[in-house]
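Structures incoming, each one as structure tokens.
Shared chain: subunit A. Partners: subunit B in the first complex, subunit C in the second.
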Partner chain A sequence: MQLGTRRLLDRAFSGLGFISIGLMAASLLVILTPIFVRGFGAFVFQGTIEFRRMQLERFERGDRDEIEAELTTARRARQPVYEMLDAFDTEMGEMGFLERREYEGPREELEDALRELLGPRPEDPVPVMARDQYGATRWDRAREKIDLVLYRTEYDYSDRTRMGVPVSVPRVEDFRGTALEALFDYVELHATEMLRPRWTLYLRFLTDHSIDAHFFGGIWPEVLGTLYLTLGAMIFALPMGVVSAIYLVEYAGEGRLISLLRTFISTLAGVPSIVFGLFGLAFFINTLKITESKSLLAGSLTLATLVLPTVIRASEEAIRSVPTTYREAALSLGASKWRAIVTVILPASLPGILTGVVISMGRAAGETAPIIFTAAVSVGKALDFAKVKFWETLSEATPALPWNIYNLATEHEAVDEIRHVQFGMVFTLVMLVLILNATAIFLRARISKKLRG
Partner chain B sequence: MEAPAFDLNIPEARADVPESAPQEHPHILARDFSVFYGSNAAVRQVTFNIPRGLVTAVIGPSGCGKSTFLRAINRMNDLIPGCHTRGELIFGDQNVYGPQIDVAALRQRVGMVFQKPNPFPKSIFDNVAYGPHILGIRDRRKLAEIVERSLMRAALWEEVKDRLSDNALGLSGGQQQRLCVARALAIDPDVLLMDEPTSALDPRSTTRIEDLIAELRGTYTIAIVTHNMQQAARVSDFTAFLYEGWLIEFGLTQQLFTRPKEKQTEDYITGRFG
Partner chain C sequence: MRRGRLLGGSLAALILCAFAGLLTPTLAQEAIVIDGSTTVGPIAKAFAEHYMAAHPEINITVSESGSGNGAKSLINGTCHIADMSRFMKDAEFSAAVKKGVLPVAHVVAVDGIAMIVHRSNPVQNLTLEQTRGIYLGQYTDWSQLGGPNQKIVVVSRDTNSGTYETFEQLVMQKQKMAEGVEYLGSNGAVRQKVQSTPTAIGYVGLGFIDRTVKALTVEGIAPGQETVASGRYPIARPLFMFTDGYPRLGTPLHAFITMHLSLRGQEIIEAIGFVPVTSY
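Now for the complex of A and B:
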């Protein structure tokens, strides 16, 4: 090949490599940026007076006098809205039947929109659901609610060849010439006075229990559930994996059965995780009946079987890479094989085994499918080993981050209302895996440094 | 008298070793002893005695089976799949490959120093204390005593006494090898096997190991494999010359190097092959 052609090829290859790295970095950025930015929004946002009231009433947080004083000010700003509504009601009472019926629907819609923005009127009876007891707690949500007050959506069917096109129509048109005409300008102009948004740092989002299916509060049950499930999986998978790896490297021969076993282990690593989920349900719950239904224990065991091949593989590699000279030295000093493994080979292979643990922990923490049938529930209390008996806690089902992220995004009754919780969960899960990995990498570095001297 | 085949200076201490020592005070006896890797014989029907309390060198070109023979004595070859033996190898009063032998106990009586220094990635103290610990000695004071004594015997104590808790891999290669000697001595073996102990070391460290062998001579039975003929001449009382698995010649080092009986031995030690 000519020198010129070779140079050109070289350059083309390095260019390709550079482009692929750039693409990878870009896609990573595309994925991570919204997770970090919007996930951050669950912790730092503009909280309204409704948020502070909720915190005070539900978690007894904040200065009671101060919040009540602020609430009084806010309610004073809201008073004209209610007065206008009342004045309109009087007006309606004087209308004829047909005219009144025309106004009844729009008025009802408007009142609902106002209730979502400001919460129930102070003199009304307290609603049953927590979600109905408070107005918009976050300013970003409040602004959308204001839009709902100001506009209603109508569908334009004029083009018969297409589906109806939604069009925003100002509600003020519905109430021209009535007492409510002034309400819309008032809401638009005085929204900040009515809700008093203020930058809020809500770190307790992480450690608060959730209220009314994640409408308010935090994600502690999910975080704790994920931690316990991951830990539980490792408690089962690590010893089993390491012992299997020791057997495969140190004791098993090169027979056909063993090579078949190795193939099985490799294949197991590629089995879709939903299959593990179904296996967990069928085996641990339905056949072994270790617990009556979904439980922390069944979920941990299922996740353990999922990560077991990874742990075995990594441990096998780590044990295999321990220099033979260590083995020889231990044996030449009269150590039994098992003794040499425990005192010399395992400590020397610890960094490699830890790497396997890191990968497995990240996987166990993030897997959704295996826990759908075996452990996860969408709403639940945080597990508490201190309060309830150990076994009872083990046999309890638990919410967990990956499952609840999916659940909030697809099955929650008010998906749009709680986007920030979703992103907060994703953010927390990513951070959790990052922290797990960082800890293990740190440990690994320390141990290898100790081994190297 | 014809000129000696090899220029040799025998230290005075070794000048009066009787030629009959292997017969009178045998420690390890090989009788028609062969080692096979699968179907290949690495050591073929070797018969000679390693005398007690003296240094015996095993020399020969690469692949002659000298390391295999040495590693057969403490059964390190067991690690190699397909390795088996024929004939007899007797250590003290028991057959090394007999059915009743306790391999761990055998290895506690036959210490070994390997070609490459192979300290554990542990502290200097833990390296030396490893053997005694396996023997069941848990008392920290007693262990410290053993560690000090072993390191002194291996001429390493002065260099490491202030940093016993440092990682052994931080020592120089020569120090590491002496540490390995100390580790082997810590369980108080009868025999010390050395498998080319200086081949990975610089000349100065080599000299120190050779001095160490001279000091340990008398207390332990030492068998040393080396490809360095000057070294064999310097440190050993008896020398066995192996070639392609056969024992060509065995005798007093002085005689083997100055008046070899076999043509092959003479060719090898004068550098005509190997």
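Now for the complex of A and C:
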């Protein structure tokens, strides 16, 4: 009986384990699938002729003659649309005042929708903002814009006890019996000819600078900023962390002060990251004035303080786990304590230290809060260390992936227009952390193999 | 042994590097640092891009952290231009002067604060009185305002925001907002909240109105560039950029801060949705 109960409990426990692992895998899948699928869409998508025109005009990419020829073909397909609009304008000119007023609103809405789909008319003056200079550059966006041309959403407010119910009204109803009646069928049927979508591999999304606040172009300043910040954080945190760990394990005794210090370090690891961000602003920028404002240096230092506890803890554990026999053997051969540490213990604990570094690097790359006040800006150039003055670059602020993902998702003035850029950024950040980790794991495996034999 | 020396050496070098970093001199000459309002942000970003296109040697960075933070940054000397959607407060002015910073206001554009609701909301118009009532908690249900029987979700900007301060002054008349009001950190966030909550009401700058939300008329006047420019729309305010003193003529900072006076600058402001400052 007792055995039976125990077996039952045992089974229940492992069942619970399986369920929780399954749940975790499922939630991971739910989170990661859209990131990968939609993030991939920033690199591979159906680009329209507007995309190719933008690439040619802004980045001088592609075969000029070929694109211009294609553009001419596309514009020929668009010509009937504009002709119908012009015909309608003439028609409106002949209408009475009241009748004309009725058509003015719908016509303007239609023209706006068409402009978003096809870009400005070729004979119009070039708009000042890049976002207004091109039509839909991606076919998925274009399809939404086509919908906008064909239908308008009205709300039915007749039931006063409830919120209005959306009703989709074909715009053609607004223009029955006018020159524009044929326009809608024409747009629906000839959309592909007007925009000529084609599968496009836009790898340079990663290395292009952004145009007009991320409407077009890529995310290079953000990627570079993230890499430099992570690297900077490690440059500061790694030596300090390892030295502290060596001190704590090898030199410090077991006094009350030391155990207090250990408690502090553990507590520091649990401090919320926004606190580090504010500390960085107050200490590095406002008090020490290492730079006059937000900068790569201040951000790196702040991130370094954030990951320092993790690095110290991991290094401490790694050094502690080196067998005492190594130490004793080294000392018995006449090595000094310092020499034993540097030549025997540190190399043997390197894999463990690297693990800590891996974890910290991933954390530093993905943290948003510490860099809000110390390094990150929503618009800025890619950092360029090839400039004459190294320190000047260090004291410049930079966009960075985690902060700009947040910025684009909440603060940007046209959030819905640039969803693909947001997903592209998230995808890149996840991949960046994955690659960082994979490299370090690989490195660690190689080192420990080498050490073993 | 060699490895040990190498390791020790590189450690020492890294630490040296770190401390050399601490002695770094100040901000780069070829940089303009801009911080502040999320409402003015789009203008600053667009100006920055246009300026950098013509002057590739200058790096302009723009952060959008709210008008209050912009003022703080200018006072602390951590930015060249503070974007603000309200005027500086007395306390900020005196703090600035105490630190030797003399704030000069440049009005770059005029903006109206639009009351936005979900597109399914049947309410079309609010009076200023009703708007104040909603934020004071006197109206808690849309049925009190001619809508359906649903509780109002009231969304406001956070207190660091210049848009909040303007709203507090022009609409609330300095009365305190009700307990249940939800505070959000940017114009974009308010719009997204309203976009996704059928019963919500919020307020944003003109440049943030789009198809996804419905801008209500206030006292029968629709918010727009024309109604704001003519002074008919009741909740309007100028948008500022503050500098420490008037920048020296011929400097990039001067060129940047006077960009709103150029034809191109005004076109940009209009394209983003704000009202350029001219003789109307």
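Throughout what follows, the second predicted complex is superposed on the first by the 451 of 453 C-alpha atoms of A that agree within 3 Å, B and C clash if a C-alpha of one lies under 4 Å from a C-alpha of the other, contacts with A are read in each partner's own complex, and residues count from 1 in each chain.
The rule we apply is simple: a contact is a pair of C-beta atoms (placed from the backbone, for glycine too) under 8 Å apart; a residue touches a chain by one contact, two chains touch by 3 or more.
Owing to the predicted nature of the structure, the values given are computational and were not obtained by experimental measurement.
With the two structures aligned on subunit A, subunit B fits next to subunit C without clashing. Of the two partner chains placed around the shared chain by superposition, subunit B and subunit C are both touched by A:P347. In the superposition on chain A, A:R339 contacts both subunit B and subunit C. After overlaying the two complexes on the shared chain, residue contacts for A:L331 are found with subunit B alone; subunit C is out of touch. Within the superposed three-chain model, A:L451 lies in touch with subunit B and out of touch with subunit C [touch as defined at top]. More residues of subunit A are touched by C (comparison of subunit B with subunit C). When the two structures are aligned on the shared chain, A:A364 is found in touch with neither subunit B nor subunit C.
In the superposition on chain A, no contact is made by A:V223 with either subunit B or subunit C. Once chain A of one complex is fitted onto chain A of the other, the partner contacts of A:V243 are limited to subunit C, with no touch recorded for subunit B. With chain A used as the common frame, subunit B approaches subunit C to a shortest CA-CA distance of 6 Å. On subunit A, the surface patch touched by subunit B in one complex and by subunit C in the other comprises residues 339, 343, 347.
Across the complex, subunit B meets subunit A through its residues 74, 76, 79, 104-105, 107-108, 111-112, 114, 116, 118-122, 130-131, 134-135, 166-170, 180, 183-184, 187. Those residues of subunit C lying in contact with subunit A across their complex are 1, 3-4, 7-8, 11, 14-15, 17-18, 21-22, 24-28, 30-31, 33, 35, 38, 41-42, 44-46, 48-49, 52, 59-65, 73, 76-79, 118-122, 147-150, 185-189, 191-192, 198-199, 207-208, 210, 212, 264, 267-268, 271-272.
Put simply, subunit A touches subunit B in their complex at residues 323-336, 339, 343-344, 347-348, 450-453. Residues 127-129, 132, 153, 155, 157, 159-166, 211-213, 235-236, 238-240, 242-243, 285-286, 288, 290-294, 297, 301, 339, 342-343, 346-347, 372-373, 376-381, 389, 391-398, 407, 410-416 of subunit A are the ones touching subunit C in the complex.
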